[in-house]
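Chain nomenclature is as follows: A, B, C and D, assigned in order of appearance, with residue numbering initiated at 1 for each chain independently.
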Amino acid sequence: MQRIGVFVCHCGTNIAATVDVKAVAEALGHEPGVVISQDYQYMCSESGQNLVKNSIKEHNLTGVVVCSCSPRMHENTFRKAAAAAGLNSYMVEIANIREQCSWIHKDIATATEKAIILGKAAVAKVHLNAPLTAGESPVVKRALVIGGGIAGIQTALDIAEAGFDVDIVEKNPTIGGKMAQIDKTFPTLDCAACILTPKMVEASQNEKIHIHSFSEVADVKGFVGNFTVKIKKKARFVDETKCTGCGLCTEKCPMKKVPNEFNMGLDNRTAIYIPFAQAVPKVATIDPNYCMMLKNGKCGVCSKVCSVGAIDYKQEDRIIEEKYGAIIVATGFNPIKLDKYDEFAYNQCADVVTSLELERLMNAAGPNGGTLLRPSDKTHPHTIVFVQCVGSRCDDSKGKPYCSKICCMYTAKHAMLIREKYPDTEVYVFYIDVRTPGKNFDEFYRRAVEQYNVHYIKGMVGKVTPKSDGKIDVQASDLLANEQLHINADMVVLAAAIEPDKTARPLATMLTTQMDTNDFFTEAHPKLRPVESATAGIFLSGACQGPKDIPETVAQASAAAAKAIGLLCKNSITCNPCVAHSNELMCNGCSSCEKVCPYGAITYVDKEFRMPDRTTAIRRVASVNPAVCQGCGACTVACPSGAMDLNGFSNSQIMAEVDAICK
Amino acid sequence: MLKISKSKLNELFDAVSAKQALYLPVDRNDGAAEYKKYESGMTMSSALNTVRSAKDFFFPQTENLVDFKMEGKNIEVIDVREESEDFVIFGVRACDARSFTILDKVFLAEPVDSYYKNRRDHGTVVTMACTRPAETCFCKTFGIDPTVPEGDAACFDDGENIFFLANNDKGQAFIDSIASLLEEGDAAKLCEVQEKARAIMEKLPLAKLSTENFGGDKLTEYFNSEKWADLSEACLGCGTCTFVCPTCQCYDIKDFNTGHGIKRFRCWDSCMYSDFTKMAHGNPRLTQLERFRQRFMHKLVYFPANNNGEFGCVGCGRCLSKCPISMNIVKVMKALEVK
Amino acid sequence: MQVNENKEFEPVIVAFCCNWCSYAGADLSGTNRLNYPTNVKIIRVPCSCRVNPMFILRAFQRGADGVIICGCHPGDCHYTSGNYYARRRITLLYSMLDYLGIERNRTRLEWVSAAEGAKFAETMQKFTADVKKLGPNRRLEDLRCRKQ
Amino acid sequence: MQEAMIKRAKELLADGSVNRVIGWKRGEFVYDVTPAVFDSAEELDADFVYDDFTAANVSKYLIKETKKEGKILAFLKPCDTYSFNQLIKEHRIVRENVYVIGIPGGPKLDAEKIKAKGITGILGAKNDNGTLRIETLYGEETMPYYEAVSVKCESCKSKKHMVYDELMGEEGDILQSNRFDMVEKLENMTAQERYDFWREQLSKCIRCNACRNVCPACSCEKCIFDNPDSGFENKAAVDSFEENMFHIIRAFHVAGRCTDCGECSRVCPQNIPLHLLNRKFIKDINSLYGEYQAGEDTTSRAPLTNYTTDDCEPSIVHERGVE
């Protein structure tokens, strides 16, 4: 018979206001096995925990029930407290009488009645609890960073700094990500390349960092501390080890009409290409969709001109397998496609561009070598209209419900830069409201308005219509002046909403991590664990978790790195002891459990048993690897004989709860 | 001899059931017969026997012994025994009738089983003589004459009429209670029917089966017989034979937790079950062979040993037709017999 | 549960909630103060695939009038595949109960994510109402467990 | 056929390719045959029988038999081979210790069905093209042969052997059986009617466990219903709930593994149509998750240890059929 202590928390008035905590403590005191039952103001407080500790010692309790908030909140708190008092932490059960009782019910009588039943269920369960000790599993001292943008690079650098090997998997031929395409950064207006490319070089030169560019994660198995990942190195038809990046091939390649994705398709590249001058690794890649040689075997110029013979048309995708202790997701973002936004004539008019396209148009390495010209006729624009929140904060199906966060600031930046470089250009910005939280952000925005006379107009652009004379009619409303406007513009820049990269969803499935409805990765706790995913050993870096500007991204990247380092520092991690185990005497070796185990934690062994008829026989029985088992319990139901059971959620425990609730 | 025309039988049933509960064998839609509480209009089954024996009336498959009421930490014991209602079982066959005397030896011997006695005292057994014995019948082997059945009162069917005969006061009381419906009748035709039946008895495939080689003194030669291995080989270890058997009397006592109390009940046990007589130390009969042997040794050796020669079988033949693999006491006796 | 004239029938409802989505969803409806009937009592299980059909029958035996299972939406299972197995098992079980003539509305399965506090509350309100309409569970009850 | 089988069995015993033979043993009457293991030619000559009444499925015995020394010859009817395969799949039978000879199957007869007609004193039974001529203590009785056919053979699903080392007689075909008709009939009843139907049937249950113990899919070392630690042990159905509980859970535990061999219904002393529970699951699985026949092979994944991401939702139960 257990000696159980029951502790009922008031949670200030959160519980006590709707649940008669004294009555609950009183009622549970009469339950069999309960030797002490009392209520307290704040159980999670220092003194509350001490109450538990002291009671355990005084009444030498073998089990503890805390009626309080959700176990997701404080189960660990009380488990630690119990452990501190020398009681196995798995002898603690929580009755959730706040989230699932006091907060949802109004009538004190019925709420109290329910709280008592929930308490009884917890007591009934504790009666069947058994002390559990967590096993240990080793940690592979190597990290995987998925995504080679600024987030991934920063995370990798920090982890390498701490002395651990780290691999970056980047799906594009070069790392650098979106930041590499950006011209200048707010609020300091320093050149993005000037601050990014050194980091890219640093990453490539750090012997702890191993970059798998033009590669994708193909499969993830395993668990925290011990992931096995298959990485697909896509064929780039160039031997990375040989290519010097001299670029001769790209000059000689006859296929010169390939839209250049680095410049947002605003100019062209060749079929064999190096994305941009500072690419890392600086290695050429052949685009099989355009290369004549790969398409119909005619050409082969690049291999002729390559002095080191790096070209290899026969190259195929390779799968490499690597073990990791931690995985950091840094898959980043993309601007949404604007096809659905005909009102802005994005598809109809070349001079209606997205902000990212504008970045390239203004960039020295861009299509026009840095002079801002209209894509259509390469003339200098005199009137430019910026449209904010295109697809952001949007309740219809076309766009995204959330605020993309970065647009207000980069638009202010663009406006300012244009006014700076081309004072003769009029700049209009149509906004819903201007959001400038962040260090020196609002000052920056005000400079745009006050110093640079950018025309900020609160209001929405209704329609953008290209005119025959090449001009663009922008029809909008000024909400403050409450009037309709027509602006005769030369260019329109759309601040397109940003969304998670398309590769994120399938990746989340491989990693068994959760995502929100917008495909942003869900953090383990919105406030307290912002860079961890709910799945142990998987961390979140940068915009894959939500829209972020560069400083925020870098900050989170380092935070994720710190978390990962914390894990990698350990030689082994204690695993969850609430795992399945099979009663070999009951097991008949049918393999049902093995088939449903998502982790391959169940294997079969032939063991010798003494049979009822006093003979010994070899029987095939299931055995569970506690380090691999994650405790889902699928096997326990697949097993008809009930040989398979789950620690902490055993058949008898759950049934005891059922009985207590139903009686 | 008092009789009633079969056409008037329902009047009789109505009269009896007006005074006390009346149970009789009725046909189920699946062709088998079972005892049912009489409701006006029911017709008695002509089947030779019911699937479940009549022992249920005195020794039901499950019965509540005592309750424990739990409130918080206190437990209250509640005696649930109550006086049984008076009832009549009508149309019991000779074999089942004999099974009661066997059960009595178990349950009415000291210490008396009050649950059993309660029902026994309040039940009146009215038997029905057999006219069409089946190939599986071997009651004769155990000295039973199915044409003159035991029971408190016996009935005889001559085709048109049912004749009544009291075997004891209880039976007499029963007949008196329905006397108004009965009339004196000539039993001549009845004797022919009985003779026919007896003639058939002689021709039964199992007519020659005898118990002379069995009994309390045969322990050693049979217990270690090497035949058991073959005999028990195909046994599924199910409880069919024991549960359809009118004389099997083993039971288990179990507690059921209702959530707010405990119901302690007893239920039939089967020596074929793996946990039969399982005790704290474990199970004394670990293999199916041992459990299988137990059943037949009990009926053919142990029981007579303890009950001055009375065997624990009445030859009703239920196990012969119901065993899923058709292994039964007859095959066992024939296999064991030292010729 | 007994019905007596002066008091309206209050069903006992057992809700098995997976720890990662639905239990969190229940917490969320609490955090957002979204009311649902007190009849609903939640049992936390690691995953919907931990719910053994025997638990469901056990609940009815012991006096439950309705049993509902909540798990992560298909595709979101914390254990990747658990709720897919649960879906098949529970579908077949419910179908069998229906086949045996047990009222359909006594059993339900709903996918409730950690973000769907509102859905959780609505689901429980609806389910409780449906079970109330059915009245006390008689077809799958164990008379010995009935409260005197 | 019987003679041919005995002859072949004796050959295999003689040349030492098998050490034992499992088959059926003659009984006291025409119908009470018992599954038995034969070790010698003499035993075979004396007692081996294969006739209208050898309905028993011997494949489950092979769990025990193939763990013994030496090799055993098993005569398997088409339906028995499904059970055999399923047991192989579940690692219950040591394949290399058994030599399988496929033999033609039923329809087999069930003496209980003859007796149900009120025919008693059975001494012999012969099939006189379609009419069953029964010799009894009270003279000859006749009945249509098909009316005496064992419930397991009433709607035969296949005459094809799924596995054998050697085949006697013709290779048969998988049949278009009407085995789901009764299930459909029940599905089309109202909930109340279904409830009443099953109450009437299951209330007959005496918990003898014959259905479970004969079932080739029920091969647990210890059944949860016998295991005091499982929390579900119940030796007798004390309450109608326990009748439901036992049969629902048993059917669920064999769902996707049950080959529909029909033994459960054949052996039930109370004639409960237990196969209708298993067939309900089989029918549901076929319609919801695609045609699946347990025992057809030894490798495929059983429906309940498998899934697709677009499986139907349980709510389908509430939407289809009669409430």
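Simple rule for what comes next: contacts are C-beta pairs under 8 Å (C-beta built on N, C-alpha and C of every residue); 3 or more make two chains touch, one makes a residue touch a chain.
Quick caveat, the model's predicted, so the values are computed rather than measured.
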*Any chance you could name the chains that touch chain A and chain B both?*
C, D
_Taking the mean of each chain's Cα atoms, which chain ends up nearest the overall Cα mean?_
C
*From the C-alpha centre of chain A to that of chain C, how far is it in Å?*
32
*asked:* For chain C versus chain D, what separation do you get between their C-alpha means, in angstrom?
replied: 36
*Averaging only over C-alpha atoms, locate the centres of chain A and chain D and give their separation in whole Å.*
54
*Would you pick out the residues of chain A that each touch at least 2 other chains?*
596, 638, 651, 655, 659, 662-663
_Two or more other chains touching the same residue: where does that happen in chain D?_
222, 224, 231-232, 238, 304-306
*Overlap residues in chain C, where contacts from two or more other chains coincide*: 53-54, 58, 62-63, 75, 81, 85, 89, 142, 144-145, 147
*What graph shape do the protein chains here make by touch: line, ring, star, complete or other?*
complete
*Quick one: in the complex, what on chain C touches chain B?*
62-63, 142, 144-145, 147
*Would you tell me which residues of chain A are touching chain B in their complex?*
30-32, 612-614, 659-660, 662-663
*asked:* Quick check: in the complex, which residue numbers of chain C touch chain D?
replied: 53-54, 57-58, 60-61, 74-75, 81, 84-85, 87-105, 107-109, 139-144
_Residue ranges of chain C touching chain A (in the complex, touch as defined)_ = 12, 14, 19-20, 23-24, 26-31, 33-36, 38, 41-47, 49-55, 58-59, 62-64, 75-82, 85, 89, 114-115, 121, 145, 147
*asked:* Using the touch definition from the top, list the residues of chain B that touch chain D in their complex.
replied: 28, 30-32, 34, 46-48, 51-52, 61-62, 132-136, 200, 203-206, 230, 233-234, 236-240, 242-244, 252, 254, 256, 265, 267-270, 273-275, 320-322, 324-328, 330-331, 334
